[in-house]
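Same chain, two partners: subunit A is paired with subunit B first, then with subunit C.
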Partner chain A sequence: MDSRKILIVDDNADIRLGMHLRLKANQYQTFFAADAISGVAEAQKHQPDLIILDLGLPGGDGFSVMESLNKIPALATIPIVVVSARDVMGNQKRAFEAGARAFLQKPVNDDELLAVVRQALGEPAATKKPTLHDQASV
Partner chain B sequence: MNEKPLQVLLVEDNAGDVRLLREMFSKERRDAFQLTHLLRMSEAETHLAKGGVDIVLLDLGLPDGHGLDTVRRAHAAAPEVPVIVLTGLDDEALAAEAMNAGAQDYLIKGQIENRALPRALRHAIERHRMQTETDLIRTHQLQFKDEFLSHVSHELRSPLTAVRQFVTILLDGLAGELNPEQRQYLEIVLRNVKQLHSMINDLFEVSGVQAGKLKIELQCTSVSDAIAYTVNTLTGAAAAKGIILPADIERTLPSVCADPARVRQILIILVDNAIKFTPQNGTVKIQTRIFEEDPAFLLLEISDSGCGIDPEMTERIFERLFQASGPAAADHNGLGLGLYICKDLVTRQGGKIWAKSTPGQGAVFSVTVPIFSLPKLLAPAFSEERQTERPITIVVTELGSQTGWLSNEVRGEQCRGIRDLLRGCLYSDLDVLLPKMDSTGPAELFFIVAITDGIGGEAICNRIRKQLDSSEHLRQAGLTHSTFYRPLEAIERNSTESKEDFLEKVAIDIQELMSKEISARQVRNG
Partner chain C sequence: MTETTRRPSELPAHLSHELRNALACIQQFGNILVDGLAGEMSSEQREYLGIMMENASKIRRLLDSALDGNVGPLGKSTNKIERISKLES
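Up next, the complex of A and B:
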């Protein structure tokens, strides 16, 4: 099976590297963007299966990235996991309204991040082979 | 100087008093005051809600409102307008209370000296303006502090994320095998990172405590659920030290009148502390029972077999920034805020917290929480003497969302807003606001019990609807509301029956009706 592609949009290079190492170890392929504008550009270029998105970004913010993605039909359905240092209060609700699948507050626990990524990708459990259309909508 | 005339609203039903006051105003410059006179409180509320009034002269004995209640209603209708209370010679004590309830000043009828009236009005307006300004400055200061803390915490969280990520990457062997010593040192790093994280969270909480901003929403709350949640959350931390948390939780405990989120928070702080200060393979217990000294309270006891507390310190540990000293404490230094936050939460829910300890033999932290009692909540509205209570109206206010489910966040914030608003709609001596009884999926329910006379539920409902309709707060949040009432027959009281027994009887009837309302919705919402 081809490994699933994950785009990491975060302006902190250390965090990008840390997430990359963790995701790579779990057989995911990663791409990076460090600001809002290249976040959208990289998404268009690589068509990732999932985006991990920080909220505080140069050149816009995570919400503006989600807004731009929502306008592009090919990208609008990519699941987004927001990982931010911002307060849960207010931001979580806004992120969900903008279409995010999950909101994690930094500092994030890697196990939790992986669990959320798997869930958002529709990969049910680590023990079970992931199947396509596993989470058909009701 | 070209000033606009001051718009004075006089609410007074006594024709003689009105005539006297009119005479006083007539002696003033014509363009200085414009007087509007109304006879009833309900008219005054409508007039005030329209705006344009600079000051209210308010009688405390109106046909449809009396005592402090009128002050509260005037204040609720137009919080920005100062109120001067008009009172009789024998009512000065009441006037003083009125000032506590928000009035700016009082004037004793028949004792208003020549020219004293305009001066009193202008002073009241000026005082009110200054007070509003001070409040505003304070609000800005608090807001600045909140923003600052939020900023600092944001800035601290990002680097902390990177530290944690790389430590766990190393610990998980993603960058090669570690030798036992390296592993041990990295575990120390990780433990300290976690501690730093919890300190950042504490800082946030404590800024809320000092601003009196930790919101508490009292309701009928299950302590068993809170204990189960706490045990579930902390089992991992306890197991790491070989401590077994009790898994069997007594299910027959009475409900308490408290905020469920805050009860969980209190328990987490205390049990987490107990685990921290207990050595390997020690014991931590959570016990509950009716408080022997006052059966109106439930007692929660969190005991440990740790190092204990110096008996002289058992009070000081609840102070802000208190740090335990001694060898056992050295490893566990937090910011010294946990117990301080805990005490604030306990006392603001009407309970008490204290600690007892014999050094070397562990410590016991005791918390009391008021037991939920419907008769007790109803008591103030029922008089001692009356043999037959008038018909009882139960007003139900239902809060829903236009877009479907209320998110947790909306729920907390908006429900508190609604409760405050409903409280403003109440006649203090006749109506009772019960804690929110239940959430029923997409909606939240609030209950008001009113002992009504002839006007009945319709009038109370209208009063509440009007307030809710004009709430900008609700509209902005995209919330819907509906308010309706359910009547209960007048309830007979036996001549031999004590007030307590009678209240029990009434409470059972009310509880039944409320349960019906709640279950009707649960069926409807699937």
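Up next, the complex of A and C:
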């Protein structure tokens, strides 16, 4: 089965790399964007199965990304998981209203992120995190 | 708004945001090392990394209680704001 495609939109390069390593270890294919405008452009280009979206972005913000995606029929149904360092109060409700499927506040527990990603993709929950040995056996 | 023109009233939210991003990186890469995704570690290295991760968790708890409005005006703890996922199991 082809690996599911996940677009990570976050202006922090370290966060993008960390998420990439974790998602790759769980057989997901990742793409990246570091600002709001390229976030929409990369979504159009790769048609991901899911988008992990930060709220504080250059060139707009996560809300403007969701607003733009909602206007494009081919992208409007992509599940979005918001992962932000912003406060929950005030941002979570707004994110859900904009169409986000989940809101996680940084720092995010890896198990929690993977569980939310799997759930948003309609995949069964994992029994354990892959380790180096699991990777070697692939 | 630049660092120099930021109003004092906005500092806690800004500080929380920046600390959370930095802490997210520390915990993210710490877990990558713990899980062996970057290679094997000796037992001594794992022990020391464990100490680092425990202290990162401590910083996070302090952040939750001190900077994100979970402490009342008289210093009494109020209900912690839980991170909520809209997705249902």
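Keep in mind that, in the parts below, the second predicted complex is superposed on the first by the 126 of 138 C-alpha atoms of A that agree within 3 Å, B and C clash if a C-alpha of one lies under 4 Å from a C-alpha of the other, contacts with A are read in each partner's own complex, and residues count from 1 in each chain.
Going forward, a residue touches a chain if its C-beta (ideal position, glycine included) is under 8 Å from a C-beta of that chain, and two chains touch if they have at least 3 such contacts.
This one's a predicted model, so the numbers in the text were calculated from it and none came from an experiment.
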Partner chain(s) touched by A:100 [first = subunit B, second = subunit C, both, neither]: second
First (subunit B), second (subunit C), both or neither touched by A:8: neither
Subunit A residues touched - subunit C or subunit B, whichever exceeds: C
Which of subunit B and subunit C A:36 touches, first, second, both or neither: neither
Touching partner for A:65 - first (subunit B), second (subunit C), both, neither: neither
Subunit B versus subunit C as contact partner of A:120, first or second or both or neither: second
Touched partner set for A:108, first subunit B, second subunit C, both or neither: both
Touching partner for A:53 - first (subunit B), second (subunit C), both, neither: neither
Set of subunit A residues, in rising order, touched by both subunit B and subunit C: 12, 14-15, 18-19, 21-22, 25, 56, 85-87, 89, 92, 96, 105-110
Subunit A-facing residues of subunit C, complex: 13, 16-18, 20-21, 23-29, 31-32, 35-40, 60, 68-69, 81-87, 89
Touch list for subunit A against partner subunit B, complex: 12, 14-15, 18-19, 21-22, 25, 56, 85-87, 89-90, 92-93, 96, 105-110
Residue ranges of subunit B touching subunit A (in the complex, touch as defined): 150, 153-155, 157-158, 160-166, 168-169, 172, 174-175, 193, 197, 407, 409-410
Subunit A residues within the subunit C interface of the complex: 12, 14-15, 18-19, 21-22, 25, 56, 85-89, 92, 96, 100-110, 112, 116, 119-120, 129-133, 135
